[in-house]
Every structure is written in C-alpha cells, then in structure tokens.
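Heads up, there are several structures right after this.
The two complexes that follow have chain A in common; it is paired with chain B in the first and with chain C in the second.
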Partner chain A sequence: MREYLRQVGALVWKDVVVEYRTRERVAAMGGFTILVGILFNYAIDPTAVEPQAIASGLIWMTVVFGGMLGLGRTFHLEEEEGAFQGVLLSPIPRDALYLGKVVANFLILTVVTILVFAVFALFFGLEFGRHPLALAGVVLLGILGFVAIGTLFSAISARTSMGDTLLPILVFPLMVPVIIYGVTATSSLFAGLPASEVEGNIRMLGAFAAVALAAGAGLFRYVVEE
Partner chain B sequence: MSAKIRWTGAVLGVLGVALTLVLHWMVFFWVPTERTMGVVQRIFYVHVPAAWVAFMAFGIVAVCSAVYLWLKDERLDMAAVAAAEGGILFTTIVLLTGPLWGRVAWGTWWTWEPRLTLTLLLWFIYLGYFLVRSSTENPQRGKRFAAVVGIVGALDIPLIHLSVQWFRSLHPAPVVMRPAGPSLHPDMLATLFVGLGAMTLLFFSFFLYRYGLERVSQGLLHREVAEGRTPQPEGVLS
Partner chain C sequence: MESSASPSQEPVPGEASEPVLEARGLVREFGPIRAVDGVGFSLGAGELMTVFGPNGAGKTTLLKVLAGALKPTEGSVRLRDRELRTGDPDWNRRIGVLSHQSFLYGHLTLEENLRFYGKLFGLLDLGDRIPERLAQVGLEKRAGSLARTLSRGMRQRLALARTLLHDPEFVLLDEPYTGLDAHAAAVLRGVLTSLKDGRRTVILVTHNLSQGLELADRVAIQVRGRFVHLGPRDSLDLPSFEHFYREKVEKEEAR
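Moving on, here comes the complex of A and B:
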C-alpha cells in the first residue's frame, strides 16, 4: 500500500514539476477563464440579469470548458516520441498511473478554479455566501468527478484520429450529474442558505466521484494496453 | 453469414413486422381513446416500447463490452456493436415520437423533462461509442475504447437518471411498473405489450443481421490479410 502511494506520488510529482516549469496548461486555462469573464461581461445585460443570480452556472461552465482545455493535454507530453511506452514499461500498476494523472489534473484544475472564483468575484462583485467550507467541498468533489472522467477519456481521445475534438462529445453527456448537483449547491450557498441545505448535493457529488474513480482505475488498463 | 443466424433473424423479423401491423391495427381501431390527452396519446404504444428496447440495448452493449474486455472474445464485441446500432435506432425513434406527442400534450416540442433529457444523453453516449470506434487506426484499439465508453456510460446512466429526476419532473408518471400494479385500462395494457413484443422482435432481428454482417466483414478482412491482398492493419490479428 505504501509502495503504491509512493508510485502515485512520484507520478503526481512528475506532472506537477513539468507543469510548474512550463506553466503551459495553467497559463492556457487561466488566460481562457479570464477572457471568458470579459466576454461574459458583454454577453450578459446586467440591467436585465443580476450577475449574482446566474454566477454559479457561469463559474461552473467556465471551469468545465477551461478544464477541457487542460484535460485534453493530459497525455500530450507522453505521446511525443513514444514516451508513453517508457511510462508503461515502468513497473507501476496501470491504476496507479491513472490515479497519478487524476491527482495531477485535479491539482492543476483546483488552481484554475480558484482563479475563476477570484476573477468572477472581481469582475462581477460576487458574494460567495457564509460557508466557505461547504462551498469548497462542493467545488472540489465536483471537479474531482469531472477530472476522473476526463482523464480516462483524454487517454482515449489522445489516441484517436479525432484527438481533442472528441473529448467533449465523450465527457459532456456524462457530466450532467456534476453540473446539476454542483450548480444548484453553489447557487444555494451563494444565496446565503445554510450549509445543511447542500448536504445531499455533496453526498451525490461524492458518489459520482467515487464511481468515476473506481471505473477509471479499473478500465484504464484496457485503454493503454497494446 | 451462417444459415442459423440468417434464418433466426428472418423469422424474428417477419414476426416483428407482423406484430407491428397488428399493433397498428390495435392502436388505430381497437384501443380506447385516453380521456384527457385524447387521440395523440396513441403514439405512446410506439414511444414507450421503443424506449424500453433502447435501454435494454444499452444494457446489452454494457454487458457485452465488459465481458469482451475480460475474455477478449471477438464475438462479444460484434454483439456489442450490433446492439449499439439497434439501440441508437430505437433511441432515435423515442426522440422523434416524444416531441410529436409533447407538442400536443405539453404545448412544446422540447422541455427539460428528466426522461427526455436522459434519452437524449443516451443518444449522445451511443454517438460517442461509434465515434470512438471509427476514429482509431488500430481496430482492436477502437473496440477496446468503445467498450470502455459503453461501460462508463452504463455506470453513469443511473446517476444521470437520479440527477435529472431530482432537478425537475413533469413527465407523466409511470403507469405500468409501479408498486400498486398497472393503472392502465386492460385494453391499453394489452396494446402496450403487443408494441413491446413487436419492437423487441424487430430489435433482435436487426441485432442478429448486424451481428452476422460484422462476422462476415471481420472474416473477410482476416482472409484478405492472410492472402496478402490487404496490408496487415496495425494489431488486427494479434
């Protein structure tokens, strides 16, 4: 078990260091989210719609679209010069490889999500309610489920001729529960409702993440095998 | 295509078409008109059986995909793709007949009603299944990818169902599968079961023919490769 965690940790560390040194994905996703915020400003008539009323939906969609940008590149580095063969040859179980990628993607997307919240708060003068812990629980469990599905399917789409264009078609239909439970819970918290209101949502988001992680860990070997 | 598959498919198909004709006679001339919705309710006898078949097909896809990944038996993959093609056909029937009814009964072509949304998402999961299959150069890889999509889709369907149900419901409540027993008029129930039988027979007829076709085309590919007329695609015969 300890050995397993060490292997997952090594893979996460590799991806985080690569990301820290290149800042490729965070820069692309961060730039994307700020620009989306600017475009939303002009796409919404603030005299007709209160930004606070639709903020949670905008934030979630921005995180999901921005996340797709980064997730699509999960395996790009390894696809170059057959580097993935090297990773596959290392004595690491396939599910550890998957979990390592999921954790790395999760950390990167968490950074981007914090940026999204900050940018939207700044641009639209949003209030996030009185329960930062419940909000963090909702958002982190939601993006964990998203990343768990997205990482599995980016391994698939990266190895098809359609590439990244295939990823949203595979991922979005499956994302409906995350969006429904995530957005409604975020809206409730933004509206200042007590944290007990969103307990059911947090449970469902947790269940989704658990199912997605288990499925991804179990099925990843069939995606990467030759 | 083996004679057994062809004949079973033909028998099921003929029975399915015959039963479909009986169904249409029942729907148009026999079954009583529903009191509140009127004559438009009669599309229900096509819509509901098609939906049952669409979801059953998806179950077949998921089970065959899972066992295919486990046992690596090509026949299971052929069964999965045959069921998926039948499934997307019946999902399309559901999505076409639903709005026709909804326009009259609800006054709108489309609404974000849970079962409607679920069926549309099911259609898109099937779409992903076929796109993944067809966009790989290595056919073995495409089959594995499609199986993964089928399995993850099947695991996600209950969660999607729960979430969209929780979000909003204005679809007519179930009238057959409910704890207190069916609330339908017996004649309506009989018509519904004839529809269900007709659709199921048609589905399995399509399924067998498509399965047989897939076997023929795979066999042809193997023969061409073996005779050196086609270059060996990466990983085909491994």
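Moving on, here comes the complex of A and C:
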C-alpha cells in the first residue's frame, strides 16, 4: 500500500511540476475563463437579468468548457519522447496511474475553478452565500466527478486521430448529472438557503464521483494497454 | 560459417544450458502483416544476444513484445519462473527498456527524471542510486539541468541511466548507438560491457554490424519477422559476417 501511494504521489508530483514549469494547461484554461467572464459581462444586461440568478449555470458551464481544454491535454505532455510508454513499462498498477492523473487534474482544475469564481465575483459582483464550506463541497465533488470521467476519456481520445474533437462528444453527455446537481446546489447556496437544502445534491455528486472513479480505475488498463 | 537458419518455433537445443529467458513461437500480427513470425530462442544469465535486421524486419516489434508493451498474437515468453503478461508489474520490475524514444520528461531535471522513475519502481535508496547512475553515464555534473537542454547523445545516456536505474535482470536495447558521437558511444560501450556481469540477460537490436558483434554472445538475423539465423557468435566467421548477413537478408527478401 505504501508503494502504491508513493507511485500515485510520484505521478501527481511530476504532473504538477511539469504544469508549474510550462503553465500550458493553466494558461489555456485561465485565459479562457477570463475571456468568458468578459464576454458574459457584455452579453448580459444586468437591468434585464439578475446576474445572481443565472451565475451558477454560467460558472459551471465555464468550469466544464474550460476544464475540457485542460483535460484534453492530459496525455499530450506524455507523448514527447514517448514518456507514457516508459511509465507503462514501470511496475505501476494501472489504477494507480489513473488515480495519479485524476489527482493531478483535480488540483489543476481546482486552481482554475478558484479563478472562475474570482472572475465572476469581479465582473458580476456576486455573493457566494453564507455557507462557503457547503459551496466548496459541491464544487469540489462536482470537479472530482468531472475529472474522473474526463481523465478516462482523455486517454481514449489521445489514442484516436480525432482526439480533441472526440473528447467533448464523449464527456458532455456523461456530465449531465454533475451539471444538474451542481447547478441547483450552487444556485440554492447563492440564494442564501441553508446548507441542509443541498445535502441531497452533495450526496448525489459524491456518489457520481465515487462511481466514476471506480469505473475509471477499473477500465483504464483496457484503454492504455495494447 | 554456422547457420541455424530455419525459423524456430522451439528454442534451439543447446542454446543456453540453463535458460533464464525463453521465447517460444512468438507471433505478432498487425492485421494481415506478421511483424514477428514464429520467433523462438533461449538465453542464459549473463548472455547478450544481438538481433540484426533490415528496416521493417520486426526487430522493434519483437522488443516490444518481449518488454510486455505488446501482447503476442501467439507464443509465450518466460523469464525464470515468470510467464510474460502485458502490464504485469512483476515483469516490468525485472526488465529495463532503452527505446528509440528516451521516455524522459523535458521539463524535469535529470535528477528529477530518475527520481520519478525510481519511485514508480518502488526504489528507496534513490539518494545514493541516482548520483551513481548519473556518474556511470558521465552526466553527474548536469544533474540539475532540465532534460530538454541536453543534446541527443546526452539524452540517450540519461535514458540508459533510467533503463538501468532499478538494476533490471533483463535488458532490452533498441538501437542504443543511434545519434551518438564518439565519446557518447564509448560511454555507452563501457556501460554495456559492465552489463555482462553474469547476472543480466541482454538483447540488443542494431543495424550496426561491428557494434552489434562486439559484445554479443549470440547473434540473430531477423528478416520479415522471422529469425533466419540464430547461433553463437563464436561460430561465426566474423571477417565475412557482412557478406553472410547480406546473403541471408537478400535470400529471405527474395522468397
């Protein structure tokens, strides 16, 4: 078990260090979210629509679209010099490899999500409700489910010629539960409702993340091995 | 000139008195193409087999099958008591692969690259092992440099350090001399010589006849997926090997 965790930790460390040095994915996703914030700022007339009322939907869509840019690149950094083949030839269990990638993507997407919230707070003057912990739980569980699905399908799409085009087509339909439960819970919390109102949503997001992680860990070896 | 030409389905009798590595009837197909066609051999501990062959002969595919990166369509490989299974962590722990590609991350330093792979292999003594391996390939002064700043030859030497980091008992080397200058080739030759310590079994794939023959105990010639020659180096007439090799290749390609 200790070796397993060391292997997962090594993968996470490597992905985070490479991302910190290249800023390839964070820059693409961050740039996208700022641009989306600016565009929505001009596209929405605050005298006709209350920004607070639609903010949760806009935030989740921005996270998902922006996140897709980064998830699509998950295995690109491995292609240079065939490094992923080197990892596959090491004794790391395939589920540990998957989990390492999921954790690294989760950390990167969390940074981007914080940026999304900051951008929307800046442009729309949003208030995030009275339950920051519940909001954090909703958002982090939603991101985890998204990343668990996205990492698996990113590995599939990286091995096809359609690659980046294929990824959203595969992932978006599976994201419907995350979007539904994430958006409704976020809206409720933005509206100042008590945290107990979103307990069911949090449980559903947690269950989705757990199922997605289990499926990803079990299926990953069939995706990466020839 | 010795020749054990026909494609072997079974290990050639007497090849290795105590075989450590045995391949039997290996076949790997890509659709209608048989990239590896009925390859069989056995090697003992400390033996180095060189596989020669023209482009497209299936040498790299054979190495990928032996490494466990590709599942054989037919046949089996056994390393001591362990049957090859694709993605088997125990198999991977026992092999080291030097490929055409370095498997290195350009945005990690040399030390970080080795540390990363060392952790994947579950090594605990990386503090001692990494400087040792870097010194072995003459890169100890570049430990803190990013791998992408290295020349082709230096990257190949670092890849060799990565290959040997976990002290594998079965080493697969695919064209290790490609792109190396004289100094780097000498360093590589020194490391390869040190591999012949009686503990390891090595398979070397190369186009270069003189470099391939230099350290070989056994020599195979692969053409169109098949071994058209397999035998001990000692039984070869080395001065006329180039002629022998060409003859074997031309004969098989004309078939």
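Definition applied: the second predicted complex is superposed on the first by the 226 of 226 C-alpha atoms of A that agree within 3 Å, B and C clash if a C-alpha of one lies under 4 Å from a C-alpha of the other, contacts with A are read in each partner's own complex, and residues count from 1 in each chain.
Operating definition for what follows: a contact is a pair of C-beta atoms (placed from the backbone, for glycine too) under 8 Å apart; a residue touches a chain by one contact, two chains touch by 3 or more.
Values in this document were obtained by computation on a predicted structure and should not be read as measured data.
By the touch criterion stated above, A:225 is placed in contact with chain B and with chain C alike. Applying the stated contact rule after C-alpha superposition, one finds that A:16 touches neither chain B nor chain C. By the document's definition of touching, neither partner reaches A:107: not chain B, not chain C.
In the superposition on chain A, A:3 makes contact with chain C only, not with chain B. In the superposition on chain A, A:87 makes contact with chain C only, while chain B stays out of contact range. With both structures placed on the common chain, the touch criterion links A:162 to chain B but leaves chain C unconnected.
In the overlay built on the shared chain, the residue A:121 is in contact with neither chain B nor chain C.
In the superposition on chain A, the residues of chain A touched by chain B in one structure and by chain C in the other are 225-226.
Across the complex, chain B is touched by residues 149, 152-153, 156, 159-162, 166, 169-170, 172-174, 176-177, 180-181, 184, 204, 207-208, 211-212, 215-216, 219, 222-223, 225-226 of chain A.
The touching residues of chain B, counted against chain A in their complex, run 69, 117, 121, 124-125, 127-128, 131-132, 135-137, 141-142, 144-145, 147-149, 151-153, 155-156, 159-160, 162-164, 166-167, 235. Every residue of chain A that touches chain C in the complex is listed here, in rising order: 3, 6-7, 9-11, 13-14, 17-18, 21-22, 77, 80-83, 85-94, 221, 225-226. Of all residues in chain C, only 67-71, 86-87, 89-90, 92-93, 95, 97, 99-108, 112, 115-117, 119-122, 155, 162 touch chain A in the complex they form.
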